[in-house]
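You will see two complexes here that share chain A, one where it goes with chain B and one where it goes with chain C.
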Partner chain A sequence: MSNGTQRNYVNAGGLYFFGEQVPTTFEEDVLACNLYLQLAASVRHDKFNEASEWRHMYLSAMSKSGFGVLRRDVQSIPLDGQGTLWNRVEQELSKWVSSALVQQAQNTFTSFADSDGEALALLKSRTTRPLSTDQIKEPEPARIETGHSLPIPVGESGSLSAVSLQLAFIDRAPAITLVFLSFKTISPLANLPFPHLIYQEQVAGNLELTKVTVELQEHFYKRLRKGVLKKLGSRFAEQVIEVEHGQPGAQTCLIP
Partner chain B sequence: MLNDYEVEEAAIQQDIRFIEDCELADCDHTQHMAPELAGFDVDEKNAEAVVAGNSLVSIAAGMSDDNKQAIKDTVLLATLAANKSHPRGGVQWYQMFTRVLTSCGWFSQSTGFSDYRVGNSRFTMEQTALKILASAITAAAVPGPTRLLMLKVASDTISALQESDEPLRLFENSSKTHSGAKFAIGSSAESKDGEVIMAMGALDFSTRLNVTNVLFWEWNSSSVRIKRAENHMTLNQRHYENMRSVIENKLYGTEDFLLSLEI
Partner chain C sequence: MSDSLILGSNLVSFVPGVPSEDRADIMDILLLAELQASERHSREKRWEAWITAYIQALANSGLRHQGLLSQPPRKITNKAAVSSEAGKLFFGIRPVRLAQEARSALEQMFMSEHAQSYFRHSFDFSSDRSDSFQIVPCEREESGLINIAVCGLNMLTRPKPRLRPWRPVEREMVLTLRGGNFIYQQETYARHREDVKKALQAAGANDLQLISI
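Entry: the complex of A and B
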């Protein structure tokens, strides 16, 4: 049964947007198995300093676990003042996600502006980390040439922070479009409101953007559901928090 | 003397052993076969299609999820088994393909592989495959509206595939052989009383030219030699239910990769 409303969740280091037609049971499955994949990838790789390896582990585990990959695109994009980071992501999403769901995401970012609740704290803690000088790597090579690569400003590297954010768009079961964003920023993240993060006009180096649309089939997942929830244990309730659309700060846990 | 039930049970046990013993292409027993499977939407009425390696099957709207999955799994299994045993294609590839489908529970009425002559001097494999499939659908003797539906969905599927990304790449890469290509295209539907039918055309062509685009390249009839077979099948649900867990274990493994990961 679908719940008939748009729903949004912080899922550890990701923001998940579900359209009106998505059944509640599918929402739970998507959230649980993607939390599981985030945790599994993080056991093997540091997602802030090994973003490419982390992403590869995540997607590889996904395809080996019964997710059908419909399409995939990897890009390294220089943000050179031509609009904001979100403008660029929005442009990339145009043929992948419905405009209604993109608007839903945008409304959620805005609703975060005034909220400073548990969900936002969780999201920030799982998506941003200050980098020490010896942790700074050169921008990852682009798998698809998109133009030039912007250098990391040398003089500023001491105050760099790494951002690794996942966005997930689910219009209709069983398809899930995941967007992985990795970039470095010189903004002071500790006190940065979330909209500033997503609407900033420049990042240090390139924006690494991976889009993938997969299918999570009930037929596959029914064999895994119990095991996934059992291994997640209390982490599911702790790291999956609903963010009520258009009501800043109002949050409820999906499973008590 | 065995009674009918015992004969059927013996046949099922024989098919279980056959499926358990057959080897699959690219199967290392730690990797699921999902990367060989790609689904995509066909039109707004919710018809859908699936690419399973070098097989493309359209599924008319209204089919139950269980039956859709039965089609996807059995076609994928048959494709992988045939690709493993006869990677160069040809008659033996098709025989293995239909043998696996039959073991999975499809009651099959198939023509053998034979040479196919194209009427026009210039043609695409997409057009040829659709003609062969249309012939198979006609031979299935399904009611007129169902026949038209299966034809329409098959045609729409090819159009949708051309616009797709991952499914087209998977199909093209899986189809090519050292001297041409081999592939199957099918169209399936479920009747009001739950009977699942699938018509299929298989096509194998050889050429001295380098094949870069299997379906949509315009060929000259003098530069390519085509063999084809047609098949129409009905799913025996009782037989399939006995085979289902064997098929799933063969395709997706008995141990779940995801749950083996540390979190």
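Entry: the complex of A and C
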């Protein structure tokens, strides 16, 4: 049963947007299972330095957890100063996600601006990391020559940070569109408000963007549900935080 | 109008009249059989062994096995012929209503963007590959017994033998049907229900071990 309102959550390193019609039980399954998958992928790969291996692990574990993949698209996009990062993401989402959910996401980002709550702190800690010089991988020369990849400039102060963010859009059960964004930025992250991160124009190198639409097969997942919740334990309440109308709200206890 | 759903590699189709508790039981059995068969054999590399193990697992989980379904393989050379040729493989299914249901599920699959998204690789002529899925129509008799036809379809795409070596490589698809007719009966399954549920939970725990956190 749905409660008839749009809901948004920070789920560790992801922002999850649920439409009005999504049943609460489905919402719980999506949040718990995806938190589990994030943690499982992070046990094996560093999502900042091994972003593609991390994603591969995540998606492969998904298919073993009751998610059937409907479509998938992987892109490496050079951002050449035409608009913001979000403009480009929005463009990529147009045929995958309803405009209402895109708007819901945008409202959430904007409302995040003045808040500095628990949810935002959690999201930033799970999605951004300063890189040391030896961690900066230059793109292959061949890709630069063909114009498919922009070189990575290091900031004036020598600072560069990696961002790895997941966005999830759920309009109607059982479909979920997940978007994985990885990029590097020369913006100093310490005091950067979240909207600046998503609306910035200063992406260094390419934006790595993977979109995938999956369906959670309830009958398949139900045999895992108990185990997932048991293994997550208190991490579910600690890392899944509802964001009400873009403002971090009280921690939500979805599980009785 | 039948109610179809995708479960693992099964396209399950329930003719109206199958109670929801029986549907849940049948889906448990199908899912467990798929997990058990996949533990033993690769569906992609050894489909014949996989489907044999799958049928055996269905019988072991409380479905009454009524007979095997098997047809000589059919060769096709273009995607347009897949639906009609695959449909012909279902003629031998009894009762006739289930054969119709299987054909109708297959046709729906070709018309449904959603189902094609799931099984899109199965109809790909561009590379050598082996794909498979099961169409599983289920119908309830007045007596309460539920007839189930498990129609395993394998699509093997391979280069077509060339009579003239200088001609470009063309591919053909070999469609094979293997499966079985089964009966689900509540009373018979009651003895297996708990074991199936426990086995599914155990398989789930095992899967979680493989992706531990």
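As a working rule, the second predicted complex is superposed on the first by the 231 of 256 C-alpha atoms of A that agree within 3 Å, B and C clash if a C-alpha of one lies under 4 Å from a C-alpha of the other, contacts with A are read in each partner's own complex, and residues count from 1 in each chain.
The rule we apply is simple: a contact is a pair of C-beta atoms (placed from the backbone, for glycine too) under 8 Å apart; a residue touches a chain by one contact, two chains touch by 3 or more.
Fair warning: this is a prediction, and the values are worked out from it, not measured in the lab.
Once chain A is used to superpose the two complexes, chain B occupies space that clashes with chain C. In the superposition on chain A, A:229 makes contact with neither chain B nor chain C.
Contacts of A:40 after superposition: both chain B and chain C are touched.
With both structures placed on the common chain, the touch criterion links A:219 to chain B and to chain C.
More residues of chain A are touched by B (comparison of chain B with chain C). Of the two partner chains placed by superposition, only chain B is touched by A:63; chain C is not. Legend: residue contacts after superposition of the two complexes on their common chain; A:74 is shown touching neither chain B nor chain C.
Common to the chain B and chain C contact sets on chain A are residues 36-37, 39-40, 43, 61, 64-65, 68, 70-71, 215, 217, 219-220, 223-224, 227-228, 231-232. Residues 33, 36-37, 39-40, 43, 61, 63-72, 215, 217-220, 223-224, 227-228, 231-232 of chain A touch chain B in their complex. For chain A in complex with chain C, the touching residues are 36-37, 39-40, 43, 61, 64-65, 68, 70-71, 215, 217, 219-220, 223-224, 226-228, 231-232. Chain C makes touch with chain A in their complex at residues 6-8, 24, 27-28, 31, 114, 117-118, 200-201, 203-205, 207-208, 210-213. The residues of chain B lying in touch with chain A in their complex are 30-32, 34-35, 37-40, 65, 69, 164-167, 252, 256-259, 261-263.
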